[in-house]
Structure formats: structure tokens, C-alpha cells
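Shared between the two complexes below is chain A, which pairs with chain B and chain C, respectively.
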Partner chain A sequence: MSISVLGIGTVSALGCGIDTVREGLEGKARPVIEEHNISFTDGEALLKVYKASINGLDRYVARPALRRIDRFNQMALLSSFLAIDDSGIIPEDRERIGIVFGSGYGPLQTTFSFLDSLIDFGDRCASPTLFANSVHNSLASQASILLKIQGPCLTISCFEQTTCSVMSTAISWLREGIVDYVLAGVGDESCDVRSYATLLLGGGGCSEINPLSFDECSYLYGEGFVVFLLGVGTTDRGYCNLISAETGENEVSGDHEILFLAANGDKETGRFYRPLINNRGRVRAYSPLYGGMPVGNGFDIAIAALSLKEGVVYPLPLLAPLLAPLQAPVPGEISSGITVVPEQIDNNTGNARISCVGFDGNGNYSLITLAK
Partner chain B sequence: MKTSFACITGLGCICAAGISLKAIMPVLYTGKRNPSAPSNFRADIDKTSPVFEIAWSLPADPSANNASRTSLLALAAAMEALEHAHLDNMILKKKRVGVVIGTTVGCTLNNEPFYRAYRDKKNPEVSPIKRFLINNTALYVAGFYNCSGPAVTIANACSSGTDAVGLAKSWIENDICDIVIAGGADELCRTTYLGFTSLLITSQEPCRPFDRNRKGLNLGEGAGIVIVESNRSVKERGVQVIAYVKGYGSSGDAHHPTAPHPGGSGLRRAIDIAMRDSGSKVNEIEFINAHGTSTMDNDKVEGKVIANMFPNSVPVVSTKSYTGHTLGAAGGIEAVLTVQALVDRQIPATAGFEEYDPECAITPTTKNTPIKSGTAISNSLAFGGNNSVLVIGMEHA
Partner chain C sequence: MRLEDELKSLIITELKLVDVKPEDLKDNDPLFGEGLGLDSLDAVELVVLLQKHYRIETKNLEQSREAFSSVKSLADYVRGNKGKK
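Entry: the complex of A and B
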């Protein structure tokens, strides 16, 4: 049974919608990277953050209804609406649609806003609205309420393994016939505390992400949400097929025709990606477009689906300056598969595949494979 | 196509009623409970709601002294369940072992002292963040046992534990794993306590599920773990099957962020899906372990749905009357207690229930009630309107 990627909705530092991702890949758009000023007792530090913009949600939800919906929730909602729009499908039976969302950290800003309410005004004045929205599954719940989706509604949170778990659960639901469609989405949000923690953990101090430079930390964190409308069918309905989503330890076996690495400049995980640049097929890493986050491989899946649909592998994003000069990879370190111009995907056999791999700090990997 | 039945071969539980399943069941059958004011944190509120707190020391994790209370609760229940299933590290190493655990506090970065220090620009150390990063509940347990299969933490509010067992069933039936450590774990936490207090759904008295004079819920803490195993693995190991996860159903209300649909439409669908998945008939259900939080809305909606879908007056119990509402752990704990009640062929009285409420339309158990060893249901309703249901039986269809 084939599982198809029918529609994609994205909210990221590149903007809203899959077209903004394409523009980023083609070098026509740059991600918005803000500077956050972090205060310490003895001074301040600057940190760069990939900041998502949320534009156009009022096309789908009346402004008054958005007042009590926090920013992270709005990212998830807009991505969901955009994924459905992108698919061109209007599912009739809302009981046969499921939602499975995931996040590395959950609604951080609202969690801290809830703490603000009790710190500022006392325990008696803790905010019920903020508490309800601080629960991890509030995003999936809001999506179900506003989209009137009555199938199963699940939320997963396990850092770098989140995206793979979300996609494998969606595959199971569809293969088992529990639902006809699944909105599968992942995301994370920025907040001041995350900025502070990133600085303390050694990230954020560089000017740009260099995902394939494994000996130095070039981690900049990002925010965003990506949602896929998945369904049973063939690739003539949408982007491509979602073949598998699996986890494992340490070594990713086999050679891959095209391999997308979720490497994001984090030195801790970089050591696990390093052997993969010797993959015989082509290797790419796109985190400079969306920033570092535990669920960043969700954006890799979106790029893989787009690549398979359009029959090209996009070059590594080089942001400074954009696409020029064409900086060569470190000689001898990176396979010859890396280029700076789009390459055609050889689909003569009709089996073009892209594998998206992500590691956590313990060497556990997730491998998500898509095919035309 | 299903390649296996989801066999339950081990049970483990820790909650305010006892440090192990063996200790818990006699407490339930004698009707004892002792919710009291929280002792691990202070709350500056007008009326304190009692909690079901675990009063004894948790087993230590020898490999990491930075484990969170939620991780330790999960580990305690997992240890008991694995021992019950006759599983040791040598066997686990040879099997595809998955871990799926539901939680709320276990995946939330809400360290209040750290945040207060951050707000006051006191440069708090990063250690609480690092501690958070190594204490994701399922990843923690999977790492402790060096499990080779998928590890997933479900963060689906109050249905998390039930959803975890449902996902374990799927992994076994689809040959993704040989064995799954599944359930839920959650600790009591000041932030959560104040959150529920702010929603005005906690009771200043011990909870009274389905009672006409119920005032709300009491929070609790604990963990419940079931070992779910393929029949091939069971056969290879020559161990006894305790029960089967026969059916799982989940459905959303699409109604309100914190209140259930007044007609219980999502719960009806979830029960219907789980029953169909199990191949069971309504008259085969021996009892229902209700979500039964003791809030006005939950009990009214759930009671009416049960009365309508099970007109033959199937016995209903709320074990939360002994454990409190343990949030992400609840579904795991209740799955364990449901299995054990089937094994014991009796269900406990619902503590605190005295007066029938016509709005709930059901009378839960008022004394220990003998049952046949057959099939039972465990319900979970969550914030956001998700409803999840397990059908557990002593025999598969």
C-alpha cells in the first residue's frame, strides 16, 4: 500500500507555504535571522535566531478567534491549512482524518507565560487560558477544533526522534485503515529562555550554520512548523510516496542514492553525520534555510518531497553571500556528490529515492525515505 | 495485515495506593485511600486540594543520579513489569524492544526555580536544562535498558498512557517489535497543580467519581507499565500470557480545548472503534474502568455515554478514586489495574461514591464486585477533546 504526500504546509524563517521553501532552495529568498539580546548579570550577549513569520492565518480563521491562540499554535494551524490547500483535496468525512503532531520542546513560550502569571500575580492568579495552551497537545487539539477533524488526535515529543515517530505513526494509521488521511506535522518555537539555554550550551555564537563542518559548532537555532497531508494512493496525487520511517543506532547502513542530513552545526551530533558524507550518492544538508531544531528533519522531508516532485536535487544552501561566490567544499572531506547547482534526479527506473537522516546526541538515528 | 496478537506478559505499577501492583490491589479491595495536602511543594491558594502522593522513596537509578521523579516512576513500574514478564537484559538484547510511554510533566520544561532565576537575571546554571534533556520519559527508559526498537513519548495529556498502549499494540501487530514496554508515568508538580486549580476543576475533598455531590478531581502521581509481546516471542520464551490488548480506538471531539463534547460524540466513536477492533460484543464486556475524574463535566458526559452504549448495566469502576488523576500516567495505571482485576475476577468499589446522580445516569461499583474473567474496557478522555479506549481481554478473538 502506497502512502502519498498529498500536500505540504510550512511556516518557517523563509515565510509561509511550500513556495517559500522552493524560493529558498533556488536562492531567491533568504531566511529571516534575528538577533536576540540576552542579558546576564555582568553584561549582554547577542544570539542569532531563525525567526518564522506567520502571515495569512486570518484567511482561514477569523481574527477574534485567534486572540486566545498563541503564536506556536498559530504556526501549526497555518501549516495545517496550507497543507490542505496545497493538496487541493477537501476531505469529506472528518471522522476519517487523523492528526499526529510532534515537537521537540512543546509550547515553550506559553509554558513560561503561565509561570509569569503566577510569579507576577501570585499562585491564586495563575492563568487558566495559558495553562490550557501550555499542554503539549494543545496544537493538535486546536487544529482538530478549527478544522473540525474528528479522527484520532495524537501528540509526540521525543526530541530528535519526534519527526520519525510522527511519520511512522501516520504510516501505521493509514496502512491499518484507521483513517483515510493524516495531517502529520512537527515544529518548535523560539523564546528567550531557549535563546539563553542555547548560548549556555555553546550554540548561537556564530554568524551562520555550516552543517558539514563537523569540527566546529556553528549551531543557530530556528523555529517553524511543517505539516504534511498524507493519504493512501499513488504519486500522481501529490508529491511522492512516503516509504518508511525507522529508527536505529549509530551507523546508517547502505548507500543511499540521495541523502539529506539534518546536520545543523551542532558539534555533538556532527560526529555521527561525518561518516555519511562518504555516501556514494549525493549528500545535502539544508539546515541553513530553516535553522537548528530537534524536528528540523521535518523540513528535510518537505524539501525531499519537493525535489522528487520537480525531479531535481537542489544545491547546498550558501547564505553568505547567497549562492555566490560558489564556495567549494573542503577537499577530500566531502564526497563529489555535493554541487552548488540543481541536478536532475535520474528517474529512468521510476524508483528515485531520497533518504532523510537525523541523529540525536547519543547516536540514535531516524531515517525517513521518500520515493517518486 | 496483523501478524500477531498483542499479548500482555508483564504488569508493573506504582501509585499512591502502593509501591507495586502486589501492594496496590489489596489496598483497592479494602477501600483504603488517603489523599492529603501536597508535601513536596507549597501552593499559596485559598483552598488546598488534596493529592494522591507517593509517600515512600523511589528505587534509585544506579546509572544516573540526575533522573527526574517521572523517569524514576517509569523505571520502577518498568522494572516490576519486566520481572513479572521474566525478561532480563540478556533476553531484551536479543529482541526488538520498543518503548512507548505517555506523560505530561515528563516532557515539559517548566522548572520554576530556573525560570525565576532567569527572570531575575541571575544567570542560572544550565544544569536544569541538561537534566530536562536527559529525562524524556520513553528515551530515558529505552536508554536504561538499551532497547533497540522505537522509543516514543506520547504527550497527549490525560489519554497519553492509553494511547501509548494502543501504539504498542500496533507495533506488535505490524511486526515492528517483538516486545514493547508501554504505559504512562507522571509526577506531581506545582505548576500542574496550580494549572488545574486555576481551571476550577479540583476538589477540596477526596474525589467522588460519578457522585451527585462530587466537587472535582484530585491530582495524583505514579506509573503503570504493561509488557506487550508478540505471540511468536511468547512462544519462543515459553511464558504465560496474562491478557491481550484486543482493541484500541481513538477519536477527537473537535469541540473545546478543555471541556468534553456535551453529547460525548468523540467518546462514543472511540468506544465503537475499539470494540470493532477487538471483535467483542457489548454483552461480552465484564466491566468498564472509567476515566471517572470526578469533575462535573467528565462524569456527566462519560456516564451518559456508558449508560447509552451498554444498556445492560455493565459494572463501572473509577480506579482514580484510589490513585487520583495521574494525567499522562492514568491510562497506563488503569490498563494495569484493569488486567489485574480480570485476573482477580473482581473489581473494587469506587471510593467516595454515595449518591446516584441522574445526570451521570450510572451507578459505579459500591462494593467489591465479582466478575467473570472475560473482557473489559478502559476509557481515557483528554484535554483538547481526545478520547481513547482500550479493550482488554483474557482471550483473543
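Entry: the complex of A and C
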């Protein structure tokens, strides 16, 4: 049974919608990278953060209905609407659609606002709205309520393994016939505490992410959400097929025709990606477009699906031009020796396959494979 | 600033009311139902607002029902209870 990627919705530093991701890949758009000034007990610091914008949610939901939904949940909601729009499918039986969302850290901004209010004013001042949004499962439940979806509804949070868990859950639901469609999505958001944690780990201070330079930390953290509408079907529907989502330890075995690395400039996980540079097939890393986050491989899946649909493996994002005035991509070589010339792939049915790999700090990997 | 105006700004900010400005709110307009349209969850947020900004604990539900009926009644309630424990 084939599982198809039928539609994709994204909210990221590149903008809203899969077209903004394509523009980023083509060098026509740059991610918004803001400077955050954070203060803490020992002083203050400036660091760069990939900042997502949420535009157009009021096209789908009346503004008053959004007032109790925090920014992170709004990102998930908008991505869901965009994924359904992108698919062109209007599923009629809302009981046959499932939602499985994931986040590495959950709704951090609201969680810490809620905790701050408890610390400052005591539990008598616990805001029910803040509390409701601070619960991880609010992601899937808010989407379920506003999209009127009545199938199974689940939120998963397990750091770098989140995307893989979300995708494998979606595959199981579809293969077992529990639902006909699944909205599967992952995301993370920015907040001061995350900025501080990034600073402690040595990130945030560099000017750009250099994902394939494993000897130095060039980590900049990002935020965003990506949702896929998945369904049972054939490859002629939507983007491509979702073949598998699996986890393992330490070594990713075998050679892969095309391998997308979720490497994001973090030195700790970088050592696990290094051997994969020797993969016999083509290797890419796109984190400079969306920023570092535990669920960054969700955006790699979106890029893989786009690549398979269009029959193109997009070049590695040229790093310097992302932060400088916009320039057209120039074919050539970067330090790793990997070519940046755009390459065509044979996307006739059965001929192309892309694997997206992500590591956590302990060397556990997740491998998600898509094919056309 | 008048307490009534301060409360209007706080209600709009804390309850995240969209498309409502302080000047749109009249002192005697009802906050719930056909007035501003607040609901039971907003009532809890109002209790939190009073505790957070004025250190007023609201325990008597009947009393609060009356106090929360308009900005004017809320301001009177704050004046009458501020500083009490």
C-alpha cells in the first residue's frame, strides 16, 4: 500500500506556504534572521534567530476565534490549512482524517509565560488560557477543533526523534485503515529561554549556519511548522510516496542515492553526520534555509517531496548570499567539495528516492525515505 | 489615568480582544453577553487580572457576578477592595 504526500503547508523564516520554500531553494528568497538581545543574571548577549511570520491565518479563521490560540498553535493551524489547500482535496468524512503533530520542545513561549506567572503571582493567578496553550497536546487538539476533524488526534514530543515518530505513526494509521488521510506535522518556536540555551551551547553568535563544516559550531536556531496531508494512493497523486520512517543507532547503513542531512551547525551532532559525506550518492543539507531545530528534518522532508515532484535536486543553499543582498545562485564548489550546480533527477515513477537523516546528540538517528 | 480607562486597556490586553479599542468601550456597557461578549473563561481571566494587577482576591461568586457586569462596576469593586486581604 502506497502512502502519498498529497499536500504540504509550511510556516518558516522564508514565509508561509511551500512556494516560499521553493523560492528559498532557488535563491529567490532569503530567510528572515533577526537579532535577539537577551538579558540574564550574568549580563546580556546578542544572537541571531530565524524568525517565522504568520500571515493569512485570518483567511481561514475569524480573528476573534484566534484570540485564545497562541502563536505556536497558530503556526500549526496555518500550516494545516495551507497543506489542505495545497492538496486541492476536500475530505468529506471528517471522522476518517487523523492528526498527528510533533514538536521537539512544545509551546515554549507560553509554557514559560505560564510558569513565570506562577512564580511571580502564585497559583491563584494561573491563567486557564495560558495553561491550555502550554500543554503539548494543544497543537493537535486546536487543529482538530478548528478544522472540525474528528479522527484520532495525537501530539508527540521526543526531541530529534519527533519527526520520525510522527511519520511512522501516520504510516501505521493509514496502513491499518484507521483513517483515509492524516495531517502529519512538526514544528518548534523561538523564545528567550531557548535563546539562552543556544548561547550556553555555543550557538547563536555566528553569522551563518555552515551545516557541513563539522569542526566548528555555526548553530543558529530557527522556528516554524510544516504539515503534510498524507493519504493512501499512487505516485500520480500529489508529490511523492512516503516509503518508511525508521530509527536506529550510530551508523546509517547502506548507500543512498540522495541523502538530505539535518545537520545544522551543531558540533555535538555534527560528528555523526561527518561519515555520511562519503555517501556514494548526492548529499545535501538545507538547514541554512530554515534554521536549527529538533524537528528540522520535517522541512527536509518537504524539500525532498518538492524535489521528487519537480525532478530536481536543489543546490546547497549558498550561505553568504543569504545574509547579503540577494544574488542569483552561482554554480561552483564549496569547502566540502560538494557541487552546487542544480541537478536533474529522473522522477519517473520508481526511479528516484531521497532519504532524510537526522541525529540526536547520542548518535540515535531517524531515517525517512520518500520516492517517486 | 482614570481607573476605568486603565481597566479597559487591561481587559483588552489580558483577554487578547481583537478589533476592540479602549475608546470603543463605554463605562456602563455590559462586559458579558450582548455587550463585549465575554464568556465564562474570560470571567476566570478577570479574576486573575484583579489578583495580578491589584492584589484583589475574588472568592465570592455572587459579589463578582455583580462586579464584573461593566467597567464601571469593576472599577468600583477595585476601589472598594484594593489593599484589603
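As a working rule, the second predicted complex is superposed on the first by the 347 of 372 C-alpha atoms of A that agree within 3 Å, B and C clash if a C-alpha of one lies under 4 Å from a C-alpha of the other, contacts with A are read in each partner's own complex, and residues count from 1 in each chain.
Rule of thumb we're sticking to: contacts are C-beta pairs under 8 Å (C-beta built on N, C-alpha and C of every residue); 3 or more make two chains touch, one makes a residue touch a chain.
Being a predicted model, the structure only gives us computed values, none of them experimental.
Judged by the touch definition given at the top, the superposed model places A:Ser287 against neither chain B nor chain C. After overlaying the two complexes on the shared chain, residue contacts for A:Ser12 are found with neither chain B nor chain C. Ranking chain B and chain C by residues of chain A touched puts B first.
Within the superposed three-chain model, A:Ala126 lies in touch with chain B and with chain C [touch as defined at top]. When the two complexes are overlaid on their common chain A, residue A:Leu66 makes contact with chain C while staying clear of chain B. Look at A:Phe40: by the touch rule set out above, it reaches chain B but stays clear of chain C. By the touch criterion defined above, A:Leu115 reaches chain B but does not reach chain C.
Overlap of the chain B and chain C interfaces on chain A: residues 124, 126-128. Considering their complex, residues 39-42, 94-95, 99, 105-106, 108, 111-112, 114-116, 118-119, 122-124, 126-128, 131-138, 140-142, 144-145, 147-159, 161, 164-165, 168-169, 172, 175-176, 178, 193, 196-197, 200-201, 246-249, 362, 364 of chain A touch chain B.
Partner chain C is touched in their complex by these residues of chain A: 63-64, 66-68, 117, 121, 124-129. Here chain B touches chain A in the complex through residues 43-46, 104, 107-110, 112, 115-116, 118-119, 121-123, 125-126, 129-130, 133, 136, 138-139, 143, 148-157, 163, 167, 170, 174, 191, 194-200, 250-258, 265-266, 269, 273, 382-386, 388, going by the rule given at the top. The touching residues of chain C, counted against chain A in their complex, run 15-19, 41, 44-45, 48, 51-52, 57.
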